[in-house]
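Two complexes follow with chain A in common, the first pairing it with chain B and the second with chain C.
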Partner chain A sequence: MKAIIAATILGIVLMFTGLFVKDKKSVVSIAIVAMLALFGVSIWEYSTADPTAPQELFNNLLRIDNYALWFNMLMAGCTFLYVLLMGKRFISVGNHVAEYFTLISFILCGIFLLTSYNNLLMLFIGIEIMSIPQYILAGSDKRNLKSNEASLKYFLMGAFTTGILLMGITLLYGATGSFYITSFTFLQSTTLNPLALAGIIFVLIAFAFKVSAAPMHMWTPDVYDGSPTVFTAFMSTIVKAGAFVGFLRLFHISFGSLSDHWMMLVAIITAATLLVGNVTAVFQQSVKRMLAYSSIAQAGFMLFAVASVNATAWQGMTIYAVAYTVATIGMFAVLVKMKDYTYDGFNGLAKKEPALAFFTTIFLLSLAGIPLTGGFMAKYFVLNAAVQAGGMLWLVIFALLMAAISVYYYFRVIIAMYFKTGDAELNHEVTAADKILLGITCALVILIGVAPQLFIG
Partner chain B sequence: MVLILLILVPLLAGIFSMALKGAAKGLALLSSVTTVGVSALISMTAYEGGFIEWGMPWIPQLGASVSLLADGMASMLCLLTGIVMSVIVITNWNKEVENDNRYYGLMLLSQAGITGVFLASDALLFYFFWELALIPVYFLCSRWGGERRIAVTFKFFIYTFVGSLMLLAGLIYLSLQNQGADAFAMDNIIRAGKSLPASEQQWMFWLIFIAFAIKMPIFPFHTWQPDAYEQSPTPVTIILSALMVKMGLFAVLRWLLPVLPEGVAYWSDFVIWLSVIGIVYASLVAIVQVDIKRLIAYSSIAHMGLMSAAAFAGTNIGTHGLAVQMFNHGINIAGMWVIVSMVEQRWGTRNMRELGGMASTAPKMAIALVIISLANIALPLTNGFIGEFMLFNGLFSSASAYSTTFMVIAGLGIILGAVYTLNMIQRTAYGEAVAMKKEGDLTANEYLGLAIIIALIIILGVYPKPLLDLTSGFAMMP
Partner chain C sequence: MSAYEAIFWFLTVVALSCALGVILSRNPVSSVLFLIATFFAISGHYILMNAQFLAIVNIIVYAGAIMVLFLFVIMLMNLNADTEPQKNKLVQLAGVISGGILFLVVLAALKSSTVKTLEQTATDIGLIKNLGKTLFTKFVLPFEISSVLFLSAMIGAVVLGKKGTPHPNTENS
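So, the complex of A and B:
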């Protein structure tokens, strides 16, 4: 509750900062402080909350449990890390720096709603609060045609999916007579109303779109590639994690008892997502576009958490969200420094900037899921959940083969940096502060890999 | 506590060596000699079936802990790792490498990983080290290797990574059979595996074995190996062939045979068939090689085939012989590679057609070559003999209906091994003398390195009892 209010107020404050503070660098500094404050508030809220009794607010529209608070805290922390690493780069996107931070703050507010909704209306509002600022951010590089295309494409597809989500909610209401996710009448029943099944499938499609799961992933590469890189970093990580928690919440809490009916569908979506994401990523020439496909591939792994209805899945989702977010943000922080986004643009980076190349290597190893990095533990937890749920061993083995494919495109960057000669050109000087921040990010990646229990909550 | 030293010393030495320029060789030597000392100490405790354990909690939510166990075989392999690393550093002492701080740093890191594999008694920890040993080697080969290094190393990496991922799936499945704490502890994994019904063990077998089969490598999973050995810089080839392939064999003994007994019983004939086919195939291919490095690479596949056949023969003597042979093969193959790298430096080629007359131009080197090659084909009174004898004995006395057939086919390997090895000696050491590009017989450090190897070959060939006693505890295990 405190975090939701804080995110809203800070968003509004940041908006007005743009009016009164003309110096853009000061705006960035203020925004960093604001995000730190938000992180602080979420820590405060988590530490003061009663872990056994969830808060129920607004006639039980929101039900903020311990998991939600923990997840909010992690996401606020990741956002703080994100603005620290990339806040300065907002200036080069366009003139409305304060507004960009405002939108980020509002997106967080939407994510906080998604982690704690108890009613389908709140789910809908959460998804919209989270999505609409993204349409703006995607198009924020106004003079760039690709950015415009990204925004329009994202908006049209997103609006259409919103319709599907609403349709699903309507059908569910028709089937059960309630919007409350914990009080659906079919929670106790094992037979299924066809209306409810149709509703579940519609909601599933809408969520699959939001988390860019195949075959609803078509927008992802263009939007992620076209948007300004700093915002792609946010959209493909924290936002995706938020959408996933919303997904998990609905499907495990309300539809969990019906998992027999939808599990196979989610499993097939998972397989398709892994296949499309990994195989297409292999053929990319631009690292940014490769990361877009890799984010589809990673979503495939996170879908394992949705498909396996058990407690490990929730832990897996937390770890995966953090590990993937931290490593990807780090990767994008390196990417924005590069002049040339193709693989060849990375040639010889290790000679020129050994520290930068080393950090990038750790991020890529984590994304590929090599032990000692967060990515391994993340994959471990979700696959563990899937094996535990039973009946999905074929999918686990398929996913592992896909993970082996992912090594190919992640390592291409490492090969370019270390074993090819070239003059990797940078946009900006790599300052000592950059190195320290990236070093901290790197340390986090390894900490998640060595002691994941610290992040489970 | 002394066990963690074996991992920490190379790990810290590796990190320091990367950070401090100029101290790399010294640190590497210091660290490897220290590990030899520590492993020798541990071996004394582990002698005749004793063992040392050490543990601390790690991820309680998963039931994983940092627990190490050094029984006779593990401490022997740690000793081997230390000795081989020392020999590498000693023989390379006078060679200049670009960025030597990173070169030696990465080597030490891989040593830490390999030692971890040998010592881990927790399945998740084992998996961690299993993968970690690979990463430094990947960078070593890709950075300092031959012309086709990038593609070849990448193939090697992907190959072994696929195997490892299957292993991970298998380990997750096994650990989930255990409820509660210490789900990954070795005893619990063994109990979980044994309690699975036979039909499940049969498919689980491949999930776990594929990683080990690729690492060893046995036919037909060997295709990465000759290229990787050929393209890697020789010290890394030594690490790969003397130490990393032992990880595969060791893992079979520790994490496969006791865990899935019924799966092993079902598939052992099949695996032995693959192994003996591999022996003959690799030996035949070795005969037609002209590059010495490729020849030795194929000979290594043949030796691995015999060892894996004995591992699955299910006899005490075979398993005991395997443990002994792991050590001896590590020593011999390291010696072979050391000589190959000396030949390459002095003549500038590895092609046997362009070599000859080493006995007259560099007599000391030729003597070393002959002794090590003969040990490699298991001449009596060399260390290779006792191990190979026990391996064949084990294979012959196995309960399998085909034991005689296996024995006969594997026996072909001895004959073919003599053919290509003697041919190699003849073409490099004798015949018309080819002038060296860089003059000189063995330098002092090379002399020392080879002396260590030859001393071990002869001492263990004449008096193998210490090695047999050290590993005897293991052979009695179920």
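So, the complex of A and C:
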């Protein structure tokens, strides 16, 4: 609860910063301090909470357990890292720098609600608080037609999906007479009300849209490609992880006992997501668009955690969320420095900026899931959860095959950097501070791969 | 048939036929007018359920503010039959099939499930006093936290709507 309040208050403070502080660089510095404060508050909340007894707040509308606090802390930490790496680039998006930081703070507030809701009403408000600022951020580059398109497309599709989510919630309420996810009547009964099943499918579709799973992924490439790159980095990482925790919470805590009924559906969605994400990413010419498809592919792996109802899935979700977020943020931090977003734009980067090329390689290796990096451990945990759940061995084998395909398009960037000659032009100079920050991000990626238990909590 | 039932069925028929009118009419302006009529019929239902506050809010906010805004937008955009994009026959067919399947699923779910019937007791929960009490006690958290949602929507209106000075660096930012 402290983190939710802090995210809201810091958001409002940042908003007023825009009114009183005219210098944009100072606004960025204030925002970095604010995100550090939020990180601090979430650490404080985690360390002071009683790990055995979850807090039930406001008539049990929120149920903040240890997992939620740990995840909030990780997400706040990732946001701090994100702001450190890319805060300065906010200035080149548009004039409303303080407002962008405010919206990011509010998105975090929505994510914190999604990690701890215990009532479908709070789920709905959390999803909306998380989504609406994103529609704005997607369209913040007002003079760019692609950004306008991204914002409008995201908004219309998102609004439509909200309708589907609400309809699912209505059906669930009609079937069970309750909004509380822990008190659904079918948690005890073995027979299933068909109305509840229809509701579960509707909610599943809405969540699959939010996490960009196929076949509800159509918006993803256009939105991620059209939005300003700094905001794509946020939308495709931290927000996606937040949506996934909301997904996991509802489907494991509430519908977990019914997993026989929806597991196959989630498995099919997973397979489709892996196939579409990985195969389409192969044919992209722009690295930014490739990362958009790669984020669909990575969502496919995270869906394994949803499909397998056991404790390993929760650990897998945490570790996957962090490993994917850190590596992707690092990759985007490199990408915003490039002038040309195509693969050819990376030609010869290793000669010009050896450090930058080395860090990029580590991030890409992690995304591809090479051992000793975070991505490997993350994939290991989620696939392990699927094997433990049983009945999904075909899907695990299919996922490994898809991971092999993903190596192709991630390594294309590495080959361009190291083995092709060219003059990779940079948009911004790489300062020593940039190198140190990217180095820390890299160290985190390796640390997750070597000692994942540090991040499980 | 009591007067209550007569009014209920009358409002139901009006609401459903107006809702059909929204999607069946070719002219967007009459669609909006049908939608306003639907909202009025639903407000009538709210009054039947002793929820006067909801009925009034429904009329003021939806029928009043939002629908007038819709009407303005439609009139400003000057939508005619000529400007309507031509839809592919295949896409139309796919839409009909998937919509029909959805309809079947929901229909089957409704038919084969036992839905708890609503008890027809006179409740005062819809009155403004009780609604306010519930909002500020039991549901105070969602009530307060939706302010974050509205604040971000307002920020969005300013960020996207305010005319900014031209920015030197608009590419690849």
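The rule we apply is simple: the second predicted complex is superposed on the first by the 457 of 457 C-alpha atoms of A that agree within 3 Å, B and C clash if a C-alpha of one lies under 4 Å from a C-alpha of the other, contacts with A are read in each partner's own complex, and residues count from 1 in each chain.
Going forward, a residue touches a chain if its C-beta (ideal position, glycine included) is under 8 Å from a C-beta of that chain, and two chains touch if they have at least 3 such contacts.
Values in this document were obtained by computation on a predicted structure and should not be read as measured data.
Undergrad: Fit or clash for chain B plus chain C once both are placed on chain A?
TA: fit
Undergrad: Classify the contacts of A:Cys109 with the two partner chains as first (chain B alone), second (chain C alone), both, or neither.
TA: After superposition on chain A, A:Cys109 lies in contact with chain C alone.
Undergrad: I want to verify the contact counts: of chain B and chain C, which reaches more residues of chain A?
TA: C
Undergrad: So, does A:Tyr341 touch the first partner chain B, the second partner chain C, both, or neither?
TA: In the superposition, A:Tyr341 contacts chain C only.
Undergrad: Centred on chain A, what angle do chain B and chain C make, from Cα centres, as a multiple of 10°?
TA: Value: 150 degrees, nearest 10.
Undergrad: Quick check for you: in the superposed arrangement, does A:Thr8 touch first (chain B), second (chain C), both or neither?
TA: Touch partner of A:Thr8: chain C, not chain B.
Undergrad: Can A:Asn144 be said to touch chain B (first), chain C (second), both, or neither?
TA: After superposition on chain A, A:Asn144 lies in contact with chain C alone.
Undergrad: Once the structures are superposed on A, label A:Arg89 by its partner contacts, choosing first (chain B), second (chain C), both or neither.
TA: A:Arg89 contacts chain C only, not chain B.
Undergrad: Is A:Met122 contacted by the first partner chain B, the second partner chain C, both or neither?
TA: A:Met122 sits against chain C, while chain B stays out of touch.
Undergrad: With both complexes superposed on chain A, which partner does A:Asn60 reach: first (chain B), second (chain C), both or neither?
TA: Neither partner.
Undergrad: Return first, second, both or neither, reflecting whether A:Ala198 touches chain B, chain C, both chains, or no partner chain.
TA: After superposition on chain A, A:Ala198 lies in contact with chain C alone.
Undergrad: After the superposition, what is the least C-alpha distance between chain B and chain C in whole angstrom?
TA: The answer for the closest chain B-chain C C-alpha pair is 30 Å.
Undergrad: Which chain A residues are contacted by chain C in one complex and by chain B in the other?
TA: none
Undergrad: List the residues on chain B that touch chain A in their complex, please.
TA: On the chain B side, the touching residues are 59-62, 127-128, 131-132, 135, 139, 142-143, 149-150, 154, 157-158, 161-162, 165-166, 168-169, 172-173, 176, 207.
Undergrad: Provide the residue numbers of chain A that touch chain C in the complex, in ascending order.
TA: 4, 8, 11-12, 15, 57-59, 61-62, 89, 92-96, 99-100, 102-103, 106, 109-110, 113, 121-122, 125, 128-129, 132-133, 135-136, 139-144, 151, 171, 174-175, 177, 193-198, 201, 228-230, 338-339, 341, 427
Undergrad: Under the stated contact criterion, what part of chain C meets chain A in this complex?
TA: Interface residues on chain C, with respect to chain A: 105-106, 108-110, 112-116, 138-142, 145-146, 148-149, 151-153, 155-156, 158-160, 162, 164-167, 169-170, 172-173.
Undergrad: Can you name the residues of chain A that touch chain B in the complex?
TA: My answer: residues 315, 365, 370-372, 376, 380, 383-384, 387-388, 393, 396-397, 400-401, 403-404, 407-408, 411, 415, 418-419, 451-453, 456.
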